[in-house]
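In the two complexes that follow, subunit A is the common piece, with subunit B as its partner first and subunit C second.
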Partner chain A sequence: MGAVSAIFAAGFFQNGSVHAALLAGAVAALVTGAVGTFTVLRGQSFAGHATGEVAATGGSAAMLGGLNPLWGYLGIAVIVAGAIEALGVQRPRARDLATGLVLGAGLGIAGLLLYLDTTGTSTSGAAVTVLFGSLFAVTRSALPGMVALGGVSLALVVLTYRLQLLTALSPDLAAARGVPVRLVSLAYLLSLAVAVSLAAETVGAVLATALLIGPPATALRLTKRPGLAVLGSGLIGVAAAWAGTVLAYDSYYWPPAGRSWPPSFLIVAVVFGLYLGSGAVQRVRGRRRAPLAPGAVPAATA
Partner chain B sequence: MAGFKPGAWARRPSRVGVGAALLAAVAVAGVAAGCGADPAPGLIQAVGAENQYANVISQIGGRYVQVTAVVSNPNTDPHSFQASAQVARTLSSAELVVQNGLGYDTFMGEIEAASPNSSRRVIDVRRLLGLPDSTRNPHLWYEPSTMPRVAAAVARDLAAIDPAHRAYFEANASAFTRSLAAWSAAVAGLRADFDGVPVATTEPVADYLLQAAGLDNLTPWTFQAAVMNGVDPSAQDVSRVRALFTGHRVRAFVYNRQVTDSLTQSLLQLARQNGIPVVAVYETMPAGHDYQTWMTAEVNALRVALAEGRSTTSL
Partner chain C sequence: MSALVPSDGAATLDGEAPATLEVSGVTVSVSGREVLRDVSFRLAPGQLTALIGSNGAGKTTLFRVILGLQAPTAGTILVDGHPRARRNPMIGYVPQRVFLDPDMPLRARDVVSLGLDGHRLGLGLRRHADQRRRVEEMLGAVDALRFADSRVGNLSGGEQQRVLIAHALVSRPRLLILDEPLANLDLRAEREVVDLLGRITRDQGISVLISAHDMNPLLPVMHRLVYLARGRAATGTVEEVVRPEVLSDLYGQHVDVLRVHDRILVVAGADERLPAGLRHAGSAAGAAPHTERWEP
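Showing the complex of A and B:
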């Protein structure tokens, strides 16, 4: 019992905010981890990041309308994902530019909407909630929706797993074999939209990338088997989300006493720590051959 | 109330951040553009950073002063962008400015610095009261001793600007201070009947008034500060505050009417479920009130909650 009370500060298991945070964090991390594996394999980390950040526009608009930001994140993320597919920009440079432009314009609108949130409707802390998340303040009524959305997103990638993998690693080969590449990409982008919305709701629109890219990058350092990487990435994400939640709760007793450190920061710190740790594991294993890792992939997709 | 223009620039105070920076930029741009509004000729131009201060200036200055309020109830005036540049212009030509200080209206100092004017008199209420900059609760106008001192300082500065009407300003200041007697009596009455009675709050908006009335605010300061600053309170503090309601340990819940976040909503719901009366308080003077009637209404709302268990959700 001594060890348990050393890790979990008093009241952790009885606290309603903690229960909601653990559930929301687990759902978001599991889905983003799994979907993000394909993002990393496709070499589209920046597009994934942009989708999350532009979702801030929807989140702040939803708050202005008195809605839960989740629905705003989702609406915009689906639109952005649809736009990426409609443009169908395959050349990396043009895609990079288009993504950057949309990102800048979207965040600009988010800046205006957050200003209106703060001045017009007095939604206190709207900017922090939308951009950096408020895990302990996740609205309980949004939880069933989060679980359902997460289930749909996971089902989309799991049901199309083989096609997703082939399309991610070699779209040309996939097309040659008769895979409906655009349809597969659309399924991926829809699950990406859901994933970043869930991540934005828990750790904020800006930090959604950390959950989307960090756990997959870590998992892909530890295993060469893509199926295991998808599963492992989801589990690594959940572990990071839960560890961050525990640390945030415990941080009440850290300086400055009586205030909690933001859960988003702690979750992202754990994600990054795990990635660094995976590098150490990789070195200890002394592998000669490069595993299936982000650095190895762009050559195949470019 | 002559020349009092309420709500020229709607902005919720104490939420420093993206909004403040944007506001300052817009406001400064307005000053730089230099297209001045036409002030009424012959009137002293004065600005109150919050509409309660503008109201007091207006009561002291009367027919010789044109007063503009920068921050008023955000729900009454959506024209924030258009009006902000206009207020910055007014501020650049203002001869008297009253601002709260303590980080509550930092943008005022920024606009003033952007349009230097050696003849402009600035009353910083924090400085006027001799409070240290580390004072943690900026809602100074809820403290009963604050406004009489502000009124005296306003009368002194107006007399310096317009010596011919010194007697008029001083008489108004005395009348203002006398008119606060009803409020003081209501506070004293509350203290006599409910000294030490426990209450809960969302943020420290009316804490000075609660103290003056002898009420015991059981809400942890860290919780109040987090809500005031627009950051998330810790999970521990949230469950502690919820326990105040579920354990029926408080007799009233005093919440900021001008905030519409989910935490306030969930606490309001919890208070209702547990039969705890709620009292709405405002950061800026609500429409249809002057400073005296506003403060008296707040105290009456507290009395109604504590004596009869009835809620007040709007003044």
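Showing the complex of A and C:
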């Protein structure tokens, strides 16, 4: 009992906000981690990051209208995802440019809307909420929507899993096999839009990237099986979200006493720590296996 | 098309077996420019055919047409005697330049499995025992069992090529087409892949069509070749096609065919014998004959 109370500060399990935070964080991290695996596989981290950040525009607009920012994030993320698919820019350099331009313009608008949010209404914390999230402020009423959206996103991932792998392996190969490559991309982008919206709602639009890229990058270092990578990435995300929540609750007793640390920071810190840890695991494994495969296969890790 | 350029009629096909692939009179125009003009050839089972041409000769376009990714402006394609469907399980394909990142969580075994069911919906968690057996069998056929559980991104170029060949073959196609499979391979890997392709053609009784810019590595295993230049094709055996008169007509410019030991070099020759109007036609189209790579 002593160990438990050392980790979980008094009142943790009775607190309604904590329950909501744990559920919201788990849903967001699970979905974002699973979808993010395909983002990393496709080599589209920047586009994924931009989708999250531009979603800040929607979040701030929704707050200005008195709505839950989740719906704003989602609306904009779906539009951005649709635009990426409609432009269909295949050349990486052109895609990076287009993404950067949209990102800049979107954040500019978000800047204006956040200014209006903070000056015009009573929601003085709007900028922090939209950009960096506030997990303990996630309302119970938003939870059913989050769970439903997460379910839709995961369903898309499960349904198109093999098609996504084949397309990530080689779009040419997939097209030759009769896979509707653009439809598969659209399914991925929709699940991405939902994932970053959920992540933005929990850790903020700016930090959504951390949940989208960190857990998959960690999982990809630890396993070479595609299914395990997707599942592991989701679970690593959930672990980070929960650990961050616990730490944030505990941090009330940390210096400066009487003020909690932001959960978003702690979640992202755990994500990054896990990534560094996976690097150490990878190195230890590599060293152990290297002598077994002399020369032929360079560092067959994990 | 000149009478000098041999092209496959029904009579020239060896044996009585029906063609696995019949390309007749295929022309492809892209924004007014003819990329392929009146290309015809047939592939018989158990034969390995090389599709030879320099960059820009139309090799990749021809593959896209065969795969159904691009519609020909004119002409027909028959696969096993039937008009080609968009997704044709009869065709196995190994694309050019598959970039396999070392971070990709895919084992060689997973890539081969995707050849069986990568076009299906769902997770595919319950693979039948015979599916798993088929994957093992293919890994063995391309000599990849040793690294079946390694990440594909960590394999050498030749090993990756063998895994992709197994991916293409696992669904038992009648025709295997490979786009520049020898590009970027060192000499030893090149030799391994060529030997493997020869063995597969013989053992599996399928047609194999391989594009390459250099015919020499393929000479020991190929039965016939389709020589593409300026969008036109000459077809037949090496002796029938790789002759100065045939290739000069194809390029629209005089070329010499040199045989050095067991290698064949196609080089641009002095073109005094051709009329002035033809002299620079080939180079203007960006498809002049090139000196074949010389490796001691």
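In this section, the second predicted complex is superposed on the first by the 286 of 302 C-alpha atoms of A that agree within 3 Å, B and C clash if a C-alpha of one lies under 4 Å from a C-alpha of the other, contacts with A are read in each partner's own complex, and residues count from 1 in each chain.
Here is the rule we use: a contact is a pair of C-beta atoms (placed from the backbone, for glycine too) under 8 Å apart; a residue touches a chain by one contact, two chains touch by 3 or more.
The model shown is predicted, which means the values in this text are computed figures rather than measured ones.
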| item | value |
| --- | --- |
| Partners on subunit A (subunit B, subunit C) - clash or fit | fit |
| Contacts of A:Leu114 with subunit B and subunit C, given as first, second, both or neither | first |
| Partner chain(s) touched by A:Gly151 [first = subunit B, second = subunit C, both, neither] | neither |
| Angular separation of subunit B and subunit C about subunit A, which is computed from CA centres of the superposed model and rounded to the nearest 10 ° | 150 |
| Touching partner for A:Val18 - first (subunit B), second (subunit C), both, neither | first |
| Touching partner for A:Gly227 - first (subunit B), second (subunit C), both, neither | second |
| Which superposed partner A:Arg259 touches (first subunit B, second subunit C, both, neither) | first |
| Partner chain(s) touched by A:Ala137 [first = subunit B, second = subunit C, both, neither] | first |
| Touching partner for A:Gly125 - first (subunit B), second (subunit C), both, neither | first |
| Shortest CA-CA distance in Å separating subunit B from subunit C in the superposed model | 39 |
| Residue ranges of subunit A touching subunit B (in the complex, touch as defined) | 9, 11, 14-18, 21, 66, 111, 114-115, 118-129, 134-137, 139, 248-249, 251-252, 258-260, 262 |
| Of subunit C, residues touching subunit A in the complex | 67-69, 86-88, 91, 93, 95, 98, 100-101, 103-107, 110-111, 114, 117-125, 146-147, 149-151, 154-155, 167 |
| Of subunit B, residues touching subunit A in the complex | 10-12, 15, 17-19, 22-23, 74-75, 78, 80, 220-222, 226-227, 229-239, 242, 258-263 |
| Touch list for subunit A against partner subunit C, complex | 37, 40-41, 43, 158-163, 165-166, 168-170, 172-179, 219-221, 223-229, 296-302 |
